[in-house]
């Protein structure tokens, strides 16, 4: 078994119109820029995929990555906790113009819903958002005298994530705070594609240090020296 | 009693259906034997509940490291690509549908797909381990078993009489006499030993065997 | 308007109540300033939602690594003992009650302990981040805030008018004029600036200030 | 802050009669033998702690560790998935004599209940045990046409676990399959005490390799060259 792909084009070829796509990253740390841009390039060339639901903590920054997807009109809906960021004009404009839907989820609930999706837990109870407008319409139940909101799992058709080391079996490590949602998303998507900064042979990662075991990964593509979203934005980059 | 497959032969037959690169959990005891019979050119990746993925076979006697064991508490070995993780992540793999196949033993399997394999009733100390988790989540739950009990009673039945491990979870049974799929609440016979007649096989089975396509010969090597 | 504490002084005062070895989450923006004022001999361990525990302060300009950031997307640094983990583990720390203190900003705080700090109403793009999680789980949830809005309206009120972040969650408010505990659905005044009279302070507060023990002088260094 | 203790006696001094104690390990891998034996020694000397509820995957093997606790009569109740093991006569005899209670929990549910306890999730839904006698009396709810059982979190007063490396801040790594339930238990107990094979300075463990961050750990005690339960049992060891 070898999960290594040979091109970014191949890596994003399976994503269909209307798909739900989890994209790793928190702000610029962990954003799989090259995978996203390959997907945008495909859209520009073929008109597909469009009508996507994208799950990420944020809603893009500047004019690269998720913001560039929104700018191209590929995204029907964002599921995220914090669509306001340093330079979020793309999402803000689309949202205020009614061109994009937003499902706002508290950050810890977003993480737990994704983990639940990967772990086969269809619903769980959390104290987060009890008594607030984000709990409206959700079942509330009391345990030991305290109210909790029932939240549902989140799954996706695809996950696009960025990792540091990846072996042919799909075992992954991450780089510092670029880990964030990616291990959860890898487990919660029907198909998980990973851009790794260094593709290595099985056995090259100490079994104690593997963060995402390969069972959660379907394909890896090596992208050496990947772009960092924050640095792109500080340089005023646009894609395309 | 008629000629039947040995446990090794049942395990061999089950191993033939495991694809290259499949993620597989083998129940403790007899099912562990399936790992010995991976067809040439195919490599399954084995998962064990206690937090190891992609491990190798048993070490040489005397070479055991008892911190490196499987769910049956037997010593295993590392291979390139082995990964360690904690128990919640391990059962996320199980419950979350990430395993391709789980192969389990059985006291009884019903035509409904119900499985009983954890308790022989109220006597003694009950112990469930990971069986109730494994029957959910794996894309395919198969059973390997003698076709009848030591007393000659059917293990493939209309309804289980022992406490259930899971409801409607088993999709294929590899027995000492036949290979049987469970589809739409029915046993569908796929393969049988050439030496056994349909009538004899039906007599040893506690529920009706359906035939929806030509029944193949179940032929295993001497092992 | 009367003399008041600067933001740095409010942050300094909040920092005085953080014990050595406490696990602390500082909300993004103004609350991050609290980290600068750890009293000598005490070391808090800071948690950030995006999966870092025990990190150090900001790097020198030009030395940033943008894969090493806090929840406010500001660059941070490693210290001996820093740990990385994923978002689900990060919020297990929050929701599971493992933080000793969370210090957050506020639009409004009610005498009931209700907090509004994530939305100023239906206009614009709503964004909640980790605020609704942080108000649950930390053993102590404190607010640092100007005592009144830019327009001079009370931020400490009987009932919040803005969308809530959490119900009955805040236990202490460090304002630009006073330190106030929330106990049994009441604001209990603990400390106030010596220069402000009780009457003036009450006039700037949207709910009754209770006094259950001698009110201390709130004295902060020039910063 | 320095979480290092200087003696095993100190490490187990806080455990009171009637406490609920999570004990790491799966079979012999990860069993904190020296902590358990220190607790037994305290009981033999002082008569306390007794009436304990112990949470572990198993119910002890041979005559050391948890089996020895049961043999001493310190344990009122076991919460576990697999009390039948290679040499479980101590538990079996006590159970059949009605001297010890048993709460039998499927292994994955046990793990998830402990994780939920640590993560502030009071209840969750799982397909595991639906339609079986272990689901009797528990709420069942349907999601997307499939039945799920509601399970509650598990918390403890104390966790006793074994780790490989531990620094003064409580950051931990484990050794191979000895990891098992320990990271979960560390998060779910009011007080977590860890025996580490090597106590190290903060910074000695790469931040990427830490499995249990120190926030989940209250105290560590170095036990160099710890006993391995399986090896003790193969040698026929008894404690005391």
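Letters A, B, C and D mark the chains in the order given here, with residues in each chain numbered from 1 onward.
Convention: a residue touches a chain if its C-beta (ideal position, glycine included) is under 8 Å from a C-beta of that chain, and two chains touch if they have at least 3 such contacts.
Composition by chain, UniProt nomenclature: A, D = 3-oxoadipate CoA-transferase; B, C = 3-oxoacid CoA-transferase.
Quick caveat: nothing in here was measured; it's all calculated off a predicted structure.
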Chains in simultaneous contact with chain A and chain D: B, C
A-C against C-D, pair bridged by the larger set of C-beta contacts: A-C
Chain whose mean Cα position lies farthest from chain B: C
Distance between the centres, which are taken as Cα means, of chain D and chain B, whole angstrom: 30
Whole-Å separation of chain centres (CA-atom averages), chain A against chain B: 36
Two or more partner chains touched - positions in chain A: 112, 115, 119-121, 126-127, 174-176, 207-208, 211
Chain B: positions in contact with at least two other chains: 84-85, 88, 91, 94-95, 136-137
Complete list of chain pairs which touch one another: A-B, A-C, A-D, B-D, C-D
For the chain B and chain D complex, residues of the former touching the latter: 48-52, 65-69, 71, 73, 84-88, 90-91, 94-95, 114, 124-133, 136-137, 163-167
In the complex, chain A residues that touch chain B: 1, 115, 117-121, 167-169, 171, 187-188, 201-203, 207-208, 210, 213-216
Of chain D, residues touching chain A in the complex: 112, 116, 119-127, 141, 143-144, 146, 148, 152, 173-176, 207-209, 211
Chain C to chain D touching residues, read off their complex: 20-21, 23, 43, 45, 47, 53-54, 78-85, 88-89, 91-99, 136-137
Chain D to chain B touching residues, read off their complex: 26-30, 57, 81-86, 88, 91-92, 95-96, 102, 104-112, 114-115, 126-134, 174-184, 211, 228-231
